[in-house]
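The two complexes that follow have chain A in common; it is paired with chain B in the first and with chain C in the second.
On to the complex of A and B.
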């Protein structure tokens, strides 16, 4: 067990080192061209990074680390909301498709998921803004929370902060934050949803052929009970690590979604920084996003290994 | 059983949240969608612009202000004032019981008095003042007006009375005091900041006497203001006013449609018809003192020849520009001074659009086959020129017809100021928005010899002693008829010498939701929310 964790941390360390080298390349060429030695410069750079000093943004004159602290939670919130939506919709639709394998329900779901997969996020986003917010006026088109509300950041996640605040407008602010989150989360969730549908459908079809499902049915259990107690419980675990792989593409798609919906997260901030040629901000932003993804991957892999016995052989470094 | 229990719980929860969510009245506030802004919150040190005007109207008061309807000066913090017979001494009596804002960073212990007025103006004109160098020591509006050379002394006569002594008479002085940049700061706050060794906080966490106080400011994102309950004109009806900085005009209109803002400044000219058709939106259209123009660098050959400059003026089809760029949201400019100014000369005919005559002039100047030149274009579209690049392209095609090859140089925001200061351009597209009602504010910063020397806004590098003489004579006089005559002469001189070609006067357009009532648009383009309220 300990051995496994050590091996994982070792890998993490090397990945982070490579990342820091990459960031150093940006730093040397664009941000602080140095005359002194490259190697010595790298160690000074590392020392600076370890202190959490990412330099100053040239466009706003604020510390980059502070700006990231401001923008990262918004991105995480959006990605988590999208992931949650993708799971809910994906597992339901995937199970439905598997149960009706080959019939019209299955075909419609597969067709829709293919459509969703091929639709560009920015296009869908604009379309939804045009219809749902501009024509019908149901949902706001941009931002994270109406600017009227001033919420003290406690966790940094606006949805939670509005709920935790003590202002008399707490509920209104919370509802407003929820309304702002809905559209971007749906747009961002489309692609991962199709992925979840595909995975769940495949896994379920596999599981439904197993003898224990037949056994459960023959014991006279109701269909929903069989599905929840025996079907999904066995179909989902192998899927979870594959879902964590989705997180990388989710963060990438989030950049575009944030720009379309003016979501005040890392993506929009990075795009603005690129336009303003704010190299210190670009360097810090890329570094933090990359580290974030590496850590998320590590966590989800370790968790699945620890939680699901079928994956335990990873502990001993064995091949299948 | 189990299912019943969950159902019951769920419905209970739903009922609870439902009634809780109906209890509180909504937050009364308005959001103002406007161009990007990232400067200081103290108008004294900011580069003049329409956003600064709006910030000034919310956070601060001035000694005098312009009545938005009559365009006459009226008292703001001064309830009465006198000008001495020689025009050198101005006495102001201050209003009693005007409180400054109480904010988390400062609680005032006294009402506004003469010390605050002294503090605010000494800061600008006295280089030894402890706050003069804070935020860079530059005061763009006052530097352009050469205020330091104008004010001789400021005296505190009593707690409620101050006097300004000038070196020479200046008919525009009161207008300058009424401008959005001559705000009154708190001297007590200044003393506190000196004691705390945090002087720069004066311009980042401002304390004014205006109807709204600062709540939060994120440059280029938003500015949140909260009601100042003790405001001397009465508590403002709105609890909050927020500036949403959105650089894209289309996005501002989109936000207005969805109700994410209640007022949008400067919708794109092409969208005005669309907004006029929408029943849930209203338009406010005003003339405002602005001119967009083509400044010709009169120092460079061949533009040092009058005939070449005249040829340029005749070769450009301004009517076409209005149709294609402004969609009729502007007036054709016949002179540098807009028609809404009291010194405008309605009888001065502009150069006609006459390519043949332009070609003839070019031939006389020694360029029968034309020449090639560069035109610099600013990067940002402003309300007073919605699409500088397209303007430049239209001018390019006009000039091609008379044989001039125009190369368009698009400037990046970060190189704009410094490259223009070197005056390497042949010509540049620019626009000017007046900061006071006084015509001097148009001529002096743009075309005086002083402006050429200080490398500021004289993009034409033009210096004509006779023109300067006219300006000086006009500003020293306090007879309106004399001043008007002088300004007419000055404008005629501009027409004869063509240091710049006036193109258009844009209209100031605000689109808003009709639920928002009593919104006041200032003559200088800023918006005041002090009386605004929401009605369903």
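On to the complex of A and C.
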């Protein structure tokens, strides 16, 4: 086990090193070209990074680290909401498809998930804005919160901020924030949902073939009880690490979703920085997002190895 | 007629390729995808010669003309026009070359490099294998779109640079998949038997490994192609890929964004084109993978 953790940490270190080199490439060529040695410059660059100094944004003249701190919570909020939605919808639909394998419910769910997987997220977002926000007027189309409500940002997460605020319109503001979150979160959740459906369906089909399911039925347990206690319990743990791989594509999709819905997060800020040729901001933003993803992957992999013994078993059997 | 008379009751066993094709033909969705793919490729090659308008030609008398199936539309501009009076059908057909064509190029180059690295890494042992296996891990942890953004920041915007970036982003995934597939195949007993019989590595690779990892390769190729189409159009949509007048599909969507309330066909049609091409790619890929698996059994 210790060996495993050491190997993961080793890999993490290596990955972070490569990332810092990549960032240094941008730094040297575009942000502040150095006349002094490349190697010495790299170590000074690293020291600067470790202090949390990411330089100054050329378009707003504010420290990049401060700007990232301002924009990150909105993105995290959006991603978490989408992840939650994707899990809920994906596990339900995936189980439904597995139970009806080969029948029309299964075919419809699979067809829909193929469509969802093939659709450009921003296009779906635009269509939803066109129909739900403009024609029907059900949901707001852009931003995090209506300008009517004045909420002091404490945590940066709008849902928490509106809930914690002491204004008399607290509940109305909370509902408004939720309505703003719904549309972007649904758009962002589509692709991960299709992936969850695929994984859950496959795992459930395998589990349903097992003898312990037959045994559970023969003991006279009800179908929902068998499904929840014996089916999902065994089908879900192996697919959790694969879900964490989805986080990367989720963050990518978040960039686009934020642009379409004018969500004030990292993605929109990054795209604006590119258009403004604000290289310090691009460098900092990409570095932070990439590190974030690397750490999330590492954590989820290590956690599943710790918590899920069957995964550990094939670790022992590995040759290299 | 004489040929049809069978004197001896022979059973002809079709070749592996023939079996795959027979299995593929059974799957009607996959066949639909194949016809769609042929149509897309034909559009790619001959489409620009067949449409009636230059994709950049502006007609001041036909601004924002709706598609021909509505009341105000004309058959001349079949899919309608945009805010500068450019024919949407011509732009979509020319865009197939930019979106689908560049995605195809990115996928093929990535497939070549990724397969080569994966095969070398998978067949070799020790330091070389470990290096090839892990050197691309950091790239694997950065999503392809972010990598494209970084490269565009370094090299400047433009479709060739974006294609390069997407190729680079695809290579590690293909390498990883090939490496794992080769390793899995090498661990099987019949390969050990072949090695004990004295087969050199090349022979094992050619006759044992390659035919059996074909389904992985096909799955990776179609996945990479659909990712490349989506990524190229996305990057162009964000304004850092193909530049303004080019009729790239994502670019057209971005242009249609301001017109969404007056001329929604400028948004729906390019989006539909992107979606259909990705659906077609996935249908062909799924069908081919299933057929290959059936052909192998």
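The definition used in the following text is that the second predicted complex is superposed on the first by the 310 of 320 C-alpha atoms of A that agree within 3 Å, B and C clash if a C-alpha of one lies under 4 Å from a C-alpha of the other, contacts with A are read in each partner's own complex, and residues count from 1 in each chain.
One rule holds for everything that comes next: a contact is a pair of C-beta atoms (placed from the backbone, for glycine too) under 8 Å apart; a residue touches a chain by one contact, two chains touch by 3 or more.
Please read all numbers here as calculations on a predicted model, not as lab measurements.
Model built by superposing both complexes on chain A: chain B and chain C fit together without a clash. With both structures placed on the common chain, the touch criterion links A:123 to chain C but leaves chain B unconnected. Residue contacts after overlaying the shared chain place A:264 against chain B, while chain C stays out of touching range. Contact with chain B, but none with chain C, is seen for A:60 once the two complexes are overlaid on the shared chain. Legend: residue contacts after superposition of the two complexes on their common chain; A:134 is shown touching both chain B and chain C.
Of the two partner chains, chain B is the only one touched by A:172; chain C is not. With both structures placed on the common chain, the touch criterion links A:142 to chain B but leaves chain C unconnected.
By the touch criterion defined above, A:275 reaches chain C but does not reach chain B.
When both complexes are overlaid on chain A, the residue A:299 reaches neither chain B nor chain C.
Looking at the superposition, the partner that touches the larger set of chain A residues, chain B or chain C, turns out to be C.
In the overlay built on the shared chain, the residue A:9 is in contact with neither chain B nor chain C.
For the three-chain overlay built from the shared chain A, the minimum Cα spacing from chain B to chain C equals 5 Å. Where the contact sets of chain A with chain B and with chain C meet, they give residues 129, 134.
Of all residues in chain C, only 130, 134, 137-139, 141-146, 149-150, 152-154, 226, 230, 233-234, 237-240, 250, 253, 257, 260-261, 264, 267-268, 271, 274-275, 278-279, 282-283 touch chain A in the complex they form.
Chain A meets chain C in the complex at residues 11, 14-15, 18-19, 22, 25-26, 29-30, 114-115, 117-120, 122-123, 126-127, 129-130, 134, 248-249, 251-252, 255-256, 259, 270-271, 274-275, 279, 282, 286, 289-290, 293-294, 297, 320. Within the complex formed with chain B, the chain A residues making contact are 60, 129, 133-134, 137, 139-143, 146-150, 168-169, 171-172, 175, 262, 264, 277. Chain B contributes residues 17, 20-21, 23-24, 26-27, 29, 31, 38, 215-216, 219-222, 224, 240, 242, 244, 251, 254-255, 257-260, 414 to its touches with chain A in the complex.
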